[in-house]
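Reviewing the structure listed below.
The letters A, B, C, D and E name the chains in turn, as written, and every chain counts its residues from 1.
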Amino acid sequence: MILGKVTGVVVATIKHPFYVGRRMLMVDRLDEGGNETGAYLVAAAAVDAGVGQTVLVVDEGNSARQVVGDSSAPLRSLIVGVVDDVAID
Amino acid sequence: MILGKVTGVVVATIKHPFYVGRRMLMVDRLDEGGNETGAYLVAAAAVDAGVGQTVLVVDEGNSARQVVGDSSAPLRSLIVGVVDDVAID
Amino acid sequence: MILGKVTGVVVATIKHPFYVGRRMLMVDRLDEGGNETGAYLVAAAAVDAGVGQTVLVVDEGNSARQVVGDSSAPLRSLIVGVVDDVAID
Amino acid sequence: MILGKVTGVVVATIKHPFYVGRRMLMVDRLDEGGNETGAYLVAAAAVDAGVGQTVLVVDEGNSARQVVGDSSAPLRSLIVGVVDDVAID
Amino acid sequence: MILGKVTGVVVATIKHPFYVGRRMLMVDRLDEGGNETGAYLVAAAAVDAGVGQTVLVVDEGNSARQVVGDSSAPLRSLIVGVVDDVAID
């Protein structure tokens, strides 16, 4: 899994039915120091997450489909947590 | 999932039967600013998409097979949306 | 599979139910010489592993779900060993 | 999926039974301009393809196993087409 | 699939039960010219392979689990051949 920061929302008129009514978020990957890297992915959200938040993303299709409860969803990247901090134990 | 721009169509005479009659599109990955990166992938399309359009691509085999309704399709990359804009919420 | 060093713990208040009560560890990938690379991933642990230890990580969802015994877990990266040494046979 | 050029044949005496009698081809990934990149993968072929040809490769295990009709094949990369051209529609 | 050279053996006292009694090998990826790249992965072996040998590696979990005959193995990378040569057909 990776950490990222939500930077925007993808707006698409023409899309697969699965995506109708779903928010697709731009997520910029963070480096270990918590800085944005410019490398992004587009993810759906399993928890409430908004622009500016740091999130935990699972980038794997079967995980994503289980969470949305739709075994035929064309989906790979999913936000599963909002991160408060990275502690040194 | 990633964003890309459709830049061309792959023409192949010799191909696996699954690909007969299917359009295979060259998709150049976009960076967060919407600029082409030169890194591409070849994708089938689940929605109508043409050269010059910005698209949302799921790069995962099980997603792709579900959408085309063929559990034996040798397919990994699929266009699932045409993107109008990336908004800052 | 890859080798990494555990460098911290991810703290998240808002998260998918699967992650409640689970430790999510920051793991910095190591190069062949055993040096940290700065490229990290976030992993759950199937064995007891703490900050500063070198670990073996499987980065694949089906592996991870089998080990945690939850076929619907949104999980991809899992620590499966604590590494003592890399020997030249 | 990606485009590549076949550059050679992998010769292995000791191998898993699945690979006995199968040609394993070296495929150099091509950039968008059709130039070799030096990044390669080793692929089996679902269509007849030889050294010097440009090919379409699916790099995903389930796709590859479906095509060879062996659900236990330890296989990930498969050539599914010989590419004649990339057209701008 | 990729080509690599076996460079060492990973020694781990604490590990998931699946790994007890199994050799985990460090494999350095080779470039197209057969030179080590410094990018490695840790793999189990489906054929007998030792330090210094060039090997064919499948980096995909379902392949690996089929070969070891354990559908719950937390495993992704597997050596499936020892390579003698790469021929230009």
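Assume contacts are C-beta pairs under 8 Å (C-beta built on N, C-alpha and C of every residue); 3 or more make two chains touch, one makes a residue touch a chain.
Bear in mind the structure is a predicted one, so any value in this text is a computation, not a measurement.
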item: Touching subunit A and also subunit C, the following chains; value: none
item: Subunit A-subunit D separation of Cα centroids, rounded to whole Å; value: 32
item: Between subunit C and subunit E, centroid-to-centroid distance (C-alpha), Å; value: 20
item: Subunit E residues counted as touching two or more neighbouring chains; value: 60-62
item: Ring topology as an ordered chain list, initiated at subunit A and continued via subunit B; value: A, B, D, E, C
item: Of all residues in subunit E, those that touch subunit D in their complex; value: 1-3, 31-32, 46-49, 56, 58-64, 66-67, 78, 80-89
item: Contact footprint of subunit A on subunit C as seen in their complex; value: 7-16, 18-19, 24, 26, 28, 38, 40-43, 50-51, 60-62, 65, 71-77
